[in-house]
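Working notes, beginning with the structure itself.
By written order: A, B and C. Residues from 1 in each chain.
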Amino acid sequence: MTRRRLLALGGGLALTGGLSACASPLASGLTGSQPNTADVIYWNLFTGGDGANMVLMENAFRKQHPGVTLEATVLGWGNPYYTKLALATASGTPPDVGISHLSRLPLLAAAKLLEPVENTGVTDLGITRDRFTPAAWQKATVDGTVYAVPLDTHPFVLYYNVDLAKKAGLLNAAGDGLKPMKGAHEFVDAVKAMKDAGAKYGAAMSITGDPATAWRYFSMIYRGLAGPVVTDSGTRIDIDTDAMRETFAFMQSLTGPGLMPKSLNGSGANVLFSTGKAGFLFDGEWQIPSYRLVKGLHFNVVPFPALLGPKPVAYADSHALVVPRNANRSPERTANAARFIKSLLDHSATWAQGGHVPAWLPVQRSKAFLDQSPQRNYVQAAFNAQYDPVAWYTGAGSDFQNTVGGTIIEVLAGRLGPRSAVAAMRTDLKRYTTARPPVTMK
Amino acid sequence: MTTVASTRPAHPMAPVHTVGQRPRRSGRRAGVLFSTPFLIIYLLFLVGPLLMGIVLSFFNTTTVKDGLGGWVGVSNYAKVLGDSLFWDAMWHSVLFTLITTPLLVGLALLFAILASRIRRGRVFYRLAFFAPYVVPSSVVALIFLWMYTPEVGLIPKLFSAVGLTAPDFIGSTSGGWTAVILMTLWWTFGFNFVLYTAAIQDVPPDVYEAAAIDGASPWQQIRLITVPLLNPTTSLVLILQILASLKVFDQIYLLLGGGPNQSTRPVIEYIYDTGFTSYRGGYGAAATMVYFVIIVAVSAAWYGLRRLRATGTAARAAA
Amino acid sequence: MNGAKLFNRLCAVCLTLFALIWFVPFAWAIITSLRQDGSITQAPMSPFAGGWSLHAYSFAWHNYPIGYWYLNSLVIAALAVVFTVAFCSMAGFALAFLRFPGRNVVIALVTAGLMLPTEALVLPQFIEYRSLHLLGTYWALVLPSVAAPVSVFIFQAFFKGIPTPLIEAARIDGASWWRVYWTVCMPICRPAVSTVSILTFISSWNAFLWPLLVLNQTKSQTIPVGLSSLVSNTNIQYAEVMASSVLGFLPLIAVFLVFQRRIVQGVATTGIK
């Protein structure tokens, strides 16, 4: 019994079943062809505030292109999403446009799951290198080929309570930012000042059960002193032992003397900062919308100052738009996909409401964005952005972040000293660097 | 997709009823023709994956790209066997089996015996206990996740109604195990219940009558007659339950995602994570084969034991 | 004697109590689905607070392609049933009545198949199906359930119950083996057909891991996989989610109520899992 015969049999069944009304997905299930349930099939991983903003942008596209139908699907954030995207592409039924974190791009690109941007026709719509934040465009390039169109940059930033900062004397003359700070010492002093100004804690961050935040915080500090922790596409551990020890010591200089809680989960951090019991909050800018909803909380957001190294570092990631590879995608579908990507970029001022810095310079420099505060405060962070190291296992929501983040949590909680933590990090990294990469990466 | 054993120990492959003394030519041809469609599907889609798995485990195959990748010898196996996370996952599957098997077998036996003492309403009990079994795992997970929700869920509310604090069902390891086990109990218990009820119905009623005349109390009847007579069923239920529990994936994946921090992740999810999320097809195949051998060893041991016992009984009967 | 009666009464009370507990999750899901999210959070334990409506059902139906999911599940399960019954009954027939070259090999293969935990083989299975270009099609889900040794055994056991003279008579009348199979044996084997159909249908309908890997487009998913995308512990749309799960279990419960005797018998005779 050959597959063709089976298919023919099934086709006959479907027809006699009189199911032609819903023939499209049905037929594709029987024959394995591209399902054409809409002109553009779009997958993303946004829920909450980001999800709502994305829906607004999708509706803007629908309004702008009334003849083009759009089917948008939201999948579970992190590994479930990326697994699904890879499996669908491998099965030959991928979406036309998908979201990817740029930190996840190296593996997707090396596995040949993505269409190079130059083949998607977006260049003809004016989507070119010179109109994007350079760091993001750089990260969208894998081995000389561009595989993704960056939508934003979302750095790890410093939130502060304006009232407490004023009391602590940390505000600048204009009152719209902090006095310039430089170095670990001044930063620790500022946290102390916050605590002395009446806050229960000088600063807070989500620690317990949140390895991703721990990893972002660690990366931001460590990368001021040293390069990525793994190099050669993730096959070599490249730890600067002294820098890492110094990083851990710095982290414990805040949690040790009680300037920061040692163990606190996400909602705990939220409560502390919302109720003015913590002067600073270390978190991603995507939390801005939820703090906006807190009545009576005056807060502002700025990039982190330089801590251990000479220059400030912004640990960041970017959401980007990718076109998963599909040999059967018609030129019309590709053209619609390109139009959709362009439309999302044009409406990325809406996206910036979620706290993100648009990567598309025409919007980043537009009034629609520059009127948004505090978003405009940390545009520079997008240009200083440091991403996850290039490897097949790194990136947003990856096991790597969970494993390494787990060790950093131990340090923050004070259960591991700097010296043994470096050894633990080495062990963690070894698990990944010695594993054979599933695809060859340059 | 199924593991099965016949409840009736009749030999399914007893000598064939051939028509006439010598099979005719047409019978030979028909036999081949009749069994070919099934055989092709069976070889391609049941034996095929097994052979494929053996081959893949020696290569560095990528799950998402065509082609086998490079030959890597036994290094995938060496890595799997040396990976503490694999053994952690293995232990989680075994732990789940160790906790659920006694509960699911013991309670099913108890309830089936209780049900056998009642004349009326058997259909009602069967409906109540077996209905969850026909519901898809994701629906069960949706309902239980809602019942476990802190502050507003039914179960935390019940805990606080009796003055206890509910464990953190989704956020902690012990709470997570409790959540998964309660849900599994509700979902699959009916299956063993039905197997036991069927077996109890096969016990001839005059055995009980004789015992009752001899003055045996209900408890003695159960302990001395029903339970021993159910031994073969118990052995079957036990092995089916062990094999099914070792294959746990749906409940833990859906309810906890293997978390918190991979502390409940079962082996199949380990294979899923390495093979599909990280695209390491060859490595995942090696993990699959190690796990596969363990499961086959368990069921082979059971078949062996049963055969040993059967021949032992036969020998005693002959003597 | 009185003690025994008391004991039996105690059994009944105990069992009924547990049976009622077993209904609670279903009942709770249905009650929640009829309420409104606001009143659920405010008064989770008072089912009548805030009034009842079917709003959550229309929301669920319009927001998730549940209709497509049903259709996919139905088509896949139906195809699986048709092919399983056809192929496995033919093989069972051959094993029961015919002596042919390779028969012992078939028996050995099928018996061994009973012991193989095929769920564990999803990874190599995925790679095999990918190289056959079957991923993303219904066939990827139908074919593995057709390769079910247990169904062959059920059919073979039933066929063996058919008296040999009946078959001999048909053969003497000049009926071909196909006619014997189709017009003599299959009609007698209706109980086997329905047992295999029901068991295949339930296991195909409820399969989770393999469809999760194989069908990826939103509208091409089956009911269990589609609904699994709603599983999230940050979800606060309780009524909508419960309405979706009620839509997910109600048809199955209905089927179960109609066929419960047969389903339970099927399970009891084969011990399928």
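The rule is short, and it goes like this: a residue touches a chain if its C-beta (ideal position, glycine included) is under 8 Å from a C-beta of that chain, and two chains touch if they have at least 3 such contacts.
Keep in mind that this is a model prediction, so the values were computed, not measured.
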item	value
Longest centre-to-centre distance from chain B, chain (CA-based)	A
Among all chain pairs, the one with the most C-beta contacts	B-C
Centroid spacing, where centroids are CA-atom means, of chain A and chain C in whole angstrom	41
Intercentroid distance (Cα basis), chain C paired with chain B, Å	16
Residue list for chain B, restricted to those that touch at least two other chains	37, 41, 63, 272, 276, 281
Chain C: positions in contact with at least two other chains	130, 213
Residues of chain A engaged with two or more neighbouring chains	87, 90
Residues of chain A defined as touching chain C within the complex	3, 6-7, 10, 13-14, 19, 22, 25-26, 28-32, 35, 37, 41, 47, 71, 73, 75-76, 84, 87-88, 90-95
Touch list for chain B against partner chain C, complex	1-8, 10, 12-14, 16-20, 23, 26-32, 34-35, 37-39, 41-50, 52-53, 56, 61, 63, 66, 111, 114-115, 117-118, 121, 123-132, 134-147, 149, 151-154, 157, 170, 186, 191, 194-195, 197-198, 212, 217-219, 236-237, 240, 243-244, 246-247, 249-250, 254-255, 268, 271-272, 275-276, 281, 284-285, 288, 291-292, 295-296, 299-300, 303
In the complex, chain A residues that touch chain B	1, 79, 82-83, 86-87, 89-90, 107, 111-113, 209, 211, 392-393, 399, 402, 406, 431, 435-436, 438-439
Of all residues in chain C, those that touch chain A in their complex	67-68, 71-72, 75-76, 79, 82, 130, 132-139, 213-220, 229, 232, 234
Sites on chain C touched by chain B in the complex	3-4, 7-8, 11-12, 14-16, 18-20, 22-26, 28-29, 32, 40-41, 44-45, 83, 86-88, 90-91, 93-103, 106-107, 109-111, 113-128, 130-131, 143-150, 152-153, 156-157, 160, 164, 167-168, 171, 176-178, 181, 202-203, 205-210, 213, 223-225, 227-228, 230-231, 233, 238, 241-242, 244-245, 248-249, 252-253, 255-257, 260, 263-265, 267-273
